[in-house]
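Next come two complexes built around chain A: one with chain B, the other with chain C.
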Partner chain A sequence: MEGMSRSGRHALIWAWTIAVLVFLYIPGLCIFLASLTASRYFQFPIQRWGLDWWRKTFDSIEVHQLFKTSISIALAVMVIAVVIAFFGALAFARYNWKGRSIYQKLVLLPIFFPQSVLGLALLLWFNAIGLELSWKTAVFAHLVWIIPVVTLVISIQVYSFDPALEEAAFDLGATRWQVLREVTLPVLLPGIVSGSLFAFLLSWGNFPLSLFTTGADTTIPEYLYAKMVAGYTPGVPVLGTVSTLGAALLLLGGYWLIAMRRRQKNSREGS
Partner chain B sequence: MSQRPAILVLKNLTKSFGKFNAVDGVDLDIADGEFFTIVGPSGSGKTTMIRMLAGMEPATSGDIILRGERINDVPANRRPTCMVFQSLALFPHRTVGENIEFPLKIRGVPPAARKEKALALLRQLRLPESYYGKSVLKCSGGERQRVALARALAFDPEILFFDEPLSAIDYKLRKTLEKELKDIHRETGKTFIYITHSLEEAMVMSDRIGVMRAGKLVQVGTPNEIYSAPRDKFVSEFMGDVNVIPVSLAGGKLISASFDRSFTPPGLPDGFASGHLVIRPEYMRFLDSPDDAENSLSGRLYNEYALGSRIQYQIRAGDHVFIVEKLRQQAPALDLDQSVLIGWDAKDSVLVRD
Partner chain C sequence: MAGFRNALPLIIFLAIGFAAPLLAVIGYSFMPERSFGLLHPPTLENYAAIFNGNSYISFGWSLLLAVLTVAFLALICYPIAYGLARVFGPWAPVITLLFTIPLFVSENVRLYGWLLFFIKNGVLLGTLKSVFGLELESWLFTRPMILLGMVYVYVPFMLFPMTLGVSMVPNETREAALDLGATRWQVFREVELPLSMPGIVIGFLLTFVLAVGAIAEAKILGGQTVIPITHDIEIAFTYAQNWPLGAALAVLLMLVVGILVLFVLRRFDLDAVLGRR
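And then the complex of A and B:
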């Protein structure tokens, strides 16, 4: 430390930070670059640039179907996971009850299962009870893994929730339902929003669970994998880029929503 | 106070957690419009008690009777009572105005009437009307107290409960708010039931005080009664610094074993055998000669403390440390370890049982 000047240390911190960022984001950038080729094959450096594959991908009916499947699964997972995880989080962090500590461990356990094993187990189970595999069974499979994550995300918000708020509302004449609508839900809303984002994005990008459980339907990650194994076209990086941008857009949307809410609150104070 | 009809009657009220009685057979009448404070150390059951009265905790046995009607089984949202919580429990996602209007909104009062009421309450609680649209998160500690009280008053309850709402407030502001609360009590004429661990706080505000210990009310009385005629050692010591000498009755005399002498008692209660002689520090005097007071002791000054308007002296006599307090203008200048003679008249002492 003695030998290094202040500005020298500063430069080192910057260099390190940039190195980490490059390491994290170069792969994504490469995918984007790979999509901009005019050639049929995966080749770096790119010989001829072009947007042909973007057009072709967007025109493809197969790709439309992929989006439809992935979005259907992710939306269904989001809605179901948030409703279940919301009440799960209340049991997790809000109420003291006899089996709580065991419940807390059991509910989080699926997060640590290897997903491919979980997918296989679910496949066997769906077969055993005679369910036909489709995007709907994939929703169920995703839920098994995603509900614990969303429960945890919402629980963090619930832990900072003062139970006296509910008691006060009840004491001021509200019914149980009014307490939930007027106090519990709005106060926990930031946790619910981030829980929803987690649910959607984890489902959107999931590969191992989908692989075993979608049956004849195909999600975007499954398609990307299949195309990489056999039949690569630059449509793969196009789809990869679009899929990533979609996720980023959703995150920005969530951030924007929170920022708007905050601004709304501030402007109300001005009045 | 006693002429007024009772608004709330508790009969043998008990709350058990397993074999432990948090509240143990409490009987109490609270008069309409009274400011009643329950004081006790933490774990004495006062919070459990007030939660039962507000309907947030079911009673194990006994009766809670409001204006002649047993309300044990009426849930909190149907009771005409309202509580100001220790954490205040202001809704963080709402403005000051929305917080105050909450009970009115629940009742379906139209927005214009709600706002009118909220602004009137802001004025009553000496908050600017411009606070109506302010976020509660941006209010100071004292302002939040007032908003919480305004919200409770908007409910227009028959009884207001307070669960130590001032405990997290700094000393100076607390003293101001105590007086304000007493003023609000006077203005509204409502029944206030307040709990605190500070007997000093209770003294400032209350018409009557109930001292609680281990789930039982050990003494109920006016602040003056609690202060000057504590029923036992626990109550007498709860008020802060006090001189306590263990004594027993032998041959018609009040004997202190530790001083190996007798003291003149303030009058012996029937059947008294042993207990404590209690003398408030402000009743202790410095004497020139042992004949200047009915009881006297010699000791040495161990230390002295300036307590604002008063000076407190610690005097060591035998194994005991006595506390003497004098108003600053009347405080003698003493040197450390100086020999002093202290004493008190029998009428200024209280004899309590164990």
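And then the complex of A and C:
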């Protein structure tokens, strides 16, 4: 470290970061490659390339049902999580109140908790109160972990929010509802958008909580796991690739939306 | 009181969805062997069975693997966190995004990608064989492979809190130390490390807790070389159909994790870690 110049050090940091990123994306690349084979078993270098397995996977009624289940769960989780987490984040970061510091730590607890154990705990709990397992209980299970995450994501935005804006609106005679709709919500919108994306995607990719709580319904990660353990076909990497690309596109789209909005705002303020 | 009113829905939800299930687990752990209800007279036999059995091996493996994961990730992530906070400038959001995307793909699927990479006739060995004529044994189903899987899965959980921590070090303080003649190493040890500690400790804690609860890495990449404690718990719940035993194991795991989390979080001012820009 000692004798190295500043630019040399920076180059090393860049190189290291890129190397780690490559490492992170190797498995995704392998899965994509495995989906392009025409034969039943994966062998590299691939002898016969083909998209047969893509077509077969998309024609399968079973796969349609999986998508329906996974999307229903993720959408329900997103809507409920964002509403509860929005108010939760205001309590987390905006207001000074007695008990806030304990509340902040309580919110973090489910995040700092092994998910597979949480899934089992919820299974026992649903069983004890006699709830029948279905995709709806899975929504509840996902929420236990995802609401705290979304609360944190929105809180980070709330920290940079100036409460004087709300007070000014109140002084000008706005009602509580008007202040929420015209001031608080628009200012916190980027946090809410990224919170929604997190909620949807974390639910979409979740396995340990779904495993114990979906009952007879099956999500995509559950199906993939079952197939990996027994009964591999190249349909597994096809579905894996689709769910990865879907997540990436959604994330890039959301990020683009936030960036566009910021640019719009800046140009409006500039003119 | 506005704060409490806003917090109320979340508090109620966590009471029903988090506190109550944990109480259910504790309740089940005192039920007689292989029972499925909560209305039997309580007993300590599950705990006795655990202390007389060899679950400590699984506990030991889980803790050891988690400690190693944290150690490797600390070394891997610090330069990147430093880069995100100080070096990458306009590129930082894009790089953050690239580190975020894998988070949203199910862990199983990504670990399966490693399986395809390392398996015999897979991407790595198949390439070596066809290009260099090298035939090697696959490294799958060994202990280092489990560690590789865990390090791989938990990168973002170490990286993001660490980046928050490193961003907390004011640039002026670093410059001042350098101006006063401190070497790079001294600045790192005396200024940067202590001031970014809150974020780093949160990263350590989060990674450790998640890694102790890891299960997929050992199953998919490790064959049967290591049985982590979470696997023991799952077996009790599924094949063995012995919920009370699984619940008792889960309670012990929760105790280890819970004590650690409460102990570390107690001394933290979260506003400072999350809020400061």
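List of remarks:
In this text, the second predicted complex is superposed on the first by the 245 of 271 C-alpha atoms of A that agree within 3 Å, B and C clash if a C-alpha of one lies under 4 Å from a C-alpha of the other, contacts with A are read in each partner's own complex, and residues count from 1 in each chain.
By definition in this document, contacts are C-beta pairs under 8 Å (C-beta built on N, C-alpha and C of every residue); 3 or more make two chains touch, one makes a residue touch a chain.
Source: prediction; values computed, not measured.
Partners chain B and chain C fit side by side in the overlay (superposition on chain A). Set against each other, chain B and chain C touch different numbers of residues in chain A, with C touching more.
Of the two partner chains, chain C is the only one touched by A:228; chain B is not.
When the shared chain is aligned, chain C comes close enough to touch A:248, but chain B does not. Contacts of A:174 after superposition on the shared chain: chain B is touched, whereas chain C is not. Seen from the C-alpha centre of chain A, the directions to the centres of chain B and chain C diverge by 90°, a value given as a multiple of 10 for the model superposed on chain A. Within the superposed three-chain model, A:144 lies in touch with chain C and out of touch with chain B [touch as defined at top]. Touch criterion met: A:115 reaches chain C, while chain B stays clear of it. Taking every C-alpha of chain B against every C-alpha of chain C after the fit on chain A, the minimum distance is 14 Å.
On the chain A side of its complex with chain C, the touching residues are 1-2, 10, 12-14, 16-17, 20-21, 23-31, 33-34, 42-45, 84-85, 87-88, 90-101, 103-118, 120-125, 127-128, 140-141, 143-144, 147-148, 151-152, 155-156, 159-160, 201-202, 204-208, 212, 220-221, 224-225, 228, 236-237, 240, 243-244, 247-248, 251-252, 255.
Within the complex formed with chain A, the chain C residues making contact are 1-7, 9-11, 13-14, 17-18, 20-22, 24-25, 27-28, 36, 38, 76, 79-80, 82-83, 87-88, 93, 95, 97-114, 116-117, 119, 121-123, 125-127, 130, 152, 155, 183-185, 188, 205-206, 209-210, 212-216, 220, 230, 233-234, 237, 243, 246-247, 250, 253-254, 257, 261-262, 265-266, 270-271, 274-275, 277. Against chain B, in their complex, chain A makes its touches with residues 162, 164-165, 167-175, 178, 182-183, 186-187, 189, 265, 268-271.
Interface of chain B with chain A (complex): residues 54-56, 75-78, 81-83, 85-87, 89, 91-93, 95, 102-103, 106-107, 133-135, 138, 151-152, 155.
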